[in-house]
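So, here come the structures, one by one.
Same chain, two partners: chain A is paired with chain B first, then with chain C.
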Partner chain A sequence: MSEPTGNATQRLPGTLRDHRLAAEAVARGLKARYWAERRFKFYGLAAVSLGMLFLAVLFFSIISKGWSAFRQTYVQLEITYDPALLDSDATSTKEALAQADYNAVVKAAMRKLFPTVEGRPNLRKLYALISSSAGFELQHRLADDPGKLATTERVWLLADDDLDQYYKGRILRSEVESTRPLSDQQLDWADQLRKSGAAQLRFNRQFFTSGDSREPELAGVWGAVAGTFFTLLVTLLLSFPIGVAAAIYLEEFAKKNRMTDLIEVNINNLAAVPSIVFGLLGLAVFINFFGLPRSAPMVGGLVLTLMTLPTIIIASRAALKAVPPSIREAALGMGASKIQMVAHHVLPLALPGMLTGTIIGMARALGESAPLLMIGMVAFIVDIPKGLFDPATVLPVQVFLWSDIPERAFVERTSGAIIVLLAFLIVMNGLAVLLRNRFERRW
Partner chain B sequence: MSASTVVLVILVLAAIAYRTGRARSFAVVGGRRGQRDLHSLPSYYGMLTALWCALPALLIVGVWTASQESILTRLMLAQMPESVQSLPPDQRSLLLNDVKNVVAGNMRLDQISPQEQAAARKFLELRALSRMAMAVVVLAAAMLGALIAWYRIAPQLRARNSVEKIFEWVLLGCSTIAIFTTVGILLSVLFESIRFFQQIPIWDFIFGTEWSPQTAIRADQVGSSGAFGAVPLFTGTLLISAVAMIVAVPIGLFSAIYLAEYAHPRFRAAAKPLLEILAGIPTVVYGFFAALTVGPWLRVVGESVGLNVASGSALAAGLVMGVMIIPFVSSLSDDMITAVPQSLRDGSYALGGTQSETIRRVVLRAALPGIVGGVLLAVSRAIGETMIVVMAAGLSANLTANPLEAVTTVTVQIVTLLVGDQEFDSAKTLAAFALGLVLFLVTLGLNIIALHVVRKYREQYE
Partner chain C sequence: MNNAVAEEKTAPSTEAGVNVKPSHRQPGGVDLTPQDRRTVGTVTVDNAIMSARDVNVYYGDKHAIKSVNLDIARNQVIAMIGPSGCGKSTFLRCLNRMNDTIESARMTGVITMDGSDIYDRRQDVVQLRARVGMVFQKPNPFPKSIYENVAYGPRIHGLASDRAELDDIVQTSLLRAGLWEEVKDRLTNSGTSLSGGQQQRLCIARTIAVNPEVILMDEPCSALDPIATARIEDLIDELRASYAICIVTHSMQQAARVSQRTAYFHLGDLIEVGETDRIFTNPRHKLTEDYITGRFG
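Moving on to the complex of A and B:
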């Protein structure tokens, strides 16, 4: 911009010249500025794409590691329920059969399949291809039908996890023999088994029906799923009514005073407090002070209730706010009391929004593990929990526990458990979206 | 009768009370015809009777079951012979523990010493007595409450107002749970922290640079003197959080700018929820990903350029944590950017600014306080994040600023100190609560500042 000149006759051409100069200066800079514009826009797009890329890599990595956990190798053996092995004193009573050595039967069947193998160390290697649970399986079969004694049948038995991993390509022949769990000889047997069709990958029922185990081929998520169910049941039953009641009070009844302010500040803060701190609270209050049992879904549910309450309260308040005041005024105008107005008119209209918020809160609780570590839900628990006070663990903690085990088969199980967890989350969030789209009303 | 049966009986009684109260309201005005003379609808008389019946009774059940355990234990000890009462405290707690195990059904009677057996029998005997007494007291209270309410029912009784008053109190009670939670958190960590600071001076904790929480069990043990200097934990936490923020802030902020200012509405509608999936994935999944995929990958990359990346490096945990935090930064920044009034943008365009110039010089300046608030919230989340660091960061306290080395964090130490068996008076266990106190106070401070900034900024344009 030029200095103002005193003379009016000189000013006009002067400003015109300045304008032209300025326009030229702008034009000179335009190219760089447009370039900067494109660059800036590109950064934005790159950031969004990078975020998506992370998401894709994460999902790809988990699914590629975990999908194989849903299939498991079974080996078909010709089992002879040999009375000489099972029923040595020839009484064939239930007690005698229950205590018999069924592994001997399995071993005999394996020897029959590979008649050329000799020598104790070699045989031991051969037996190692079948899961240690095979004996129990046979025991159950015989207990169900005692008439099978002294007969022969073909049975599909669980393979050991190392054999399973070899078939799935996670143990390679090209590895150095001493660093892989299977020896060259065992790999040869494995190839023979596969060629003869006696070993097959089948749907892994075990993974969905059993609890935790030290043996990868026996470990399943059902115990953790049941624990999750009980924990979330407690959370839902407590946090939904309490959260809705608190939201109604704050939105419809509370007067604007210090008490209400204090409550609001507290709710907003609690929503951002690290979850592990809730675990410390649970440990100090519920377990040490009230003496509730450790590892119980009841305590886990209580801790998660305190953690999800702020989410539910905030969502429920938003839902109440969205109900137009005219509804309230109409109800009051017809002579309804305030409670009647809320219970009969406002609440039914706000309920879908509240439910959506609750489901989202529950989904967050489902993925939470840190506070549950504090209250002892990290124990190794084989039994499926049957109640609120049985020791239990939950899905994310099961993931945490398995991720610590170095065995290769557990990497696959961990990813499999993660897929199950993510599937639950997707279902819950999908439900929330559905609910919102179906029932959301715009006024 | 166990507590749950008592509660069930109370509920049944309340249902009966409802029916009788409702019936009586008709009776006092001479049948259904006289309903107009009643102050409230008949169902309110029923509800009032039911509430009078159930509320006091349930309150008694709650207090009774909560305090039963400790009172019974004290009574049992008082009735035991002198030999038991004079036991030193640690042996006495051992005895109590065994007794509790037997009572809970975890152990059989023949697994414990005769002295303990006597104690367990006494305890069971007292508990049976207490349960019986509770049942009697509670049922009497329920009946009495219902009777009083029933007796008071009259046409002038303002039943609806009373019932609604009670409901309002219940609603208020529910909303105060937030306060109780905060107080509970503060008290539980403060209480144990004070016990910790009685053993370890507070200055040694805050300014000490040596952290090795293993305390000696025997006096002659080597190398486990127990040092509780938390500085390496603080620096480790800050280092990992810093790496996370270096990832999350640029990516989150630029995503928000692109989605709010440039993207086609349809692209935005698809991309925003996809990005937010990142925030919905459980942290344990990120931890697994960091420990098994990112960590080893970083080591390979580091080796190829001649750098030694430690397993459990701050970089791996920080990178993955950063990815987790992207949606927090982006959705909060998005809110702030879209809250900037269009008139400001139009003014900049009218002066010839390009879109990026407008964003950089006008929109971002206007939205800055809100964005800073959002970033502070994200920092507080990074500091408190637990599972990723537990699974991907190290365990040994390392005072370093090098992200390629393994460091440990406050949350990792809380978890390692508290998971597994613990005795509640060792400095090791109490240290976890002191760390929890620090964590709570720091995140609380960050949250208060951030929420204040965000709220103040929102009000500006409303």
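Moving on to the complex of A and C:
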């Protein structure tokens, strides 16, 4: 009994000695406390810097590899629309001109540029420097203006991808001749072309306006961009209303019982399901059961809707939860019905959060490729899709496809497509931040 | 002997309501006998607009209000006082069925308004809340313009046929709430940009814009400074001419200043009801006396 009493008197506040003891105890711990604070700050800084470093490496690697895809070598040729080659029966009809051999005109122009080259094998090597699309280009030009027949004009034509890669420094003279796509002789011609100014790197319009192609210089991302647009359009139109309606029902109207708990747990689980599983589901349900076409943006959009819905529902519920209950009480107290309370007061306050969640969900869908592989959006598609049921592919799948092709020119195009994809992602996420800042209301 | 059994019976129910801090319990920790819990004073009035009979409210297992009988008179302010957790706010929220929004809440008994049961299945809750308005503890204007705040009720209930009439209702309501002079030049500003006291008067204006018969006020001044409080109290006194007002308050001075009748709640029981002057000068129940003299609560 005596011991506790002794302790108690020592611990009792009010005596001078005890004040000093307390102050000393505080002082003893002080250094360690500040040290812990500094240490934690350092860990945080280190984590942030490491993250930034990785991000910088990623961006540097992609941009340094992909930037060159936005420029493409063109060769200027003096083209003579020779009637002898194009219009052998001298009828000048549209049909005849459409079927003529424009490659012969290109070849003639190349021979004129390099008059010393002789012999079929050598000539074939020479012609290989120009893209196989050059003939079509000339055909379009003449079809647009038939008056050009029998005249001569200087035309910038697409160079072959190997010539382009040589100019960009991706094919080197130091390589063993047999292992590089261009022979020594072709490299000599290439140097001559560059010296004379007949070969130039220009903005690669082809990359942004055309669909996929086996020829790297003809391949572009526009087909994939259009496919992505249609796919995400379907996703947005389905997942936003369904997701928001589900969230509103669960948050505002549903009774809180075991059933809604079960639904909530399952929605959270669905958000964590690997996306390829949704692809398999889409294949089984939408294609095999409902008979929708393969490779169609419609099916892609449906699959991505399934994948995005949980994200949107969770984000929307969080946004609804963040609306203060006092607003709900005020509305109900005024005699608003439940649906009026939601529509007039809760929804306007929750909408920015819902939109942010939706855009983040859409950004995830934009970068998704695995589920789309399952439903056939991985096919080689040259045509630009014009609707929801046309065969299409999307940007990430295009990246995946190109990354698999051995030709060197596709390496930079792969990175170029990634840059386009990243640009879209940054724009969408920027939009989310903008919306949040613009419409966030304080109360 | 009988008493002892009764005591044992009441013990668990008090224990279930143990959210209440020890200081709120009967001094000395003695549980109330049934005699103690019987309401002292007259619960009925001649010109009642609402009357509650044998009202019990449960939140899950918690018995929040125990067989309360009380009338609300026209053109009179009734103050409900009592320590925290005594059920006065719960009772207030029964009067316009705001407790319906709490899922675990269960209510038995009868509350009538002009003779008809407000918990009747045929009674529409939206209509009821248009007749029984409510002002909350924390000023909660909608994050919309001042005009929209006041116009909201008339708009959803279809009280104004055209814009001019709506303008008129808004102006009248703001005038009666004593806010018109301060906001007439900035009706388009957000309601949340006003000061706390102004916000609360805006909430009152919003409530009277639908012209209810009863106004319930749940500690309307607890978040306000003394000057704003004085303004609201003056306002309540003016509004009494047109409305029946029930006010829950923690301030006994406020109850004494604004009300004509006072009801004292204790742990879910209505302990004493009477003329405010009489309650504050001559309380009949020991608990009431202890509370208003500041011995606990």
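Things worth noting here:
Quick note on the criterion: the second predicted complex is superposed on the first by the 390 of 443 C-alpha atoms of A that agree within 3 Å, B and C clash if a C-alpha of one lies under 4 Å from a C-alpha of the other, contacts with A are read in each partner's own complex, and residues count from 1 in each chain.
Operating definition for what follows: a residue touches a chain if its C-beta (ideal position, glycine included) is under 8 Å from a C-beta of that chain, and two chains touch if they have at least 3 such contacts.
Please read all numbers here as calculations on a predicted model, not as lab measurements.
Residue contacts after overlaying the shared chain place A:L434 against neither chain B nor chain C. Applying the stated contact rule after C-alpha superposition, one finds that A:P310 touches chain B and leaves chain C untouched. In the superposition on chain A, A:I418 makes contact with chain B only, while chain C stays out of contact range. By the touch criterion stated above, A:G333 is placed in contact with chain C alone, chain B being left untouched.
In the superposed model, A:A272 makes contact with chain B only, not with chain C. Contacts of A:K256 after superposition: chain C is touched, whereas chain B is not reached.
When the two structures are aligned on the shared chain, A:H345 is found in touch with chain C, with no touch to chain B. Of the two partner chains placed by the overlay, neither chain B nor chain C lies in contact with A:L172.
Set side by side, chain B and chain C differ in how many residues of chain A they touch, and the one touching more is B.
Common to the chain B and chain C contact sets on chain A are residues 337.
Remark: chain B residues 66, 69-70, 104, 160, 164, 167-168, 170-172, 174-179, 181-182, 184-185, 188-189, 191-192, 250-255, 257-259, 261-263, 271, 274-275, 277-278, 280-289, 291-293, 323, 326-327, 330, 352, 354-357, 359-360, 377, 380-381, 383-387, 390-391, 411, 414-415, 418-419, 424, 432-433, 436, 439-440, 443-444, 447-448, 450-451 touch chain A in the complex. Residues 26, 33-34, 36-37, 39-41, 43-48, 50-52, 54-55, 58, 61-62, 65, 241-243, 245-250, 253-254, 262-263, 265-270, 272-278, 280-281, 283-285, 288, 290-291, 293, 306, 309-310, 313, 337-339, 363-364, 366-370, 373-374, 378, 396-397, 399-400, 403, 411, 414-415, 418, 421-422, 425, 429 of chain A are the ones that touch chain B when the two sit in their complex.
Of all the residues in chain C, the ones that touch chain A in their complex are 96, 98, 101, 103, 126-130, 133-134, 136, 138, 140-143, 152-153, 156-157, 192, 203, 206-207, 210. Per the touch definition, chain A reaches chain C in the complex via residues 255-256, 324, 326-337, 340, 344-345, 349, 441-443.
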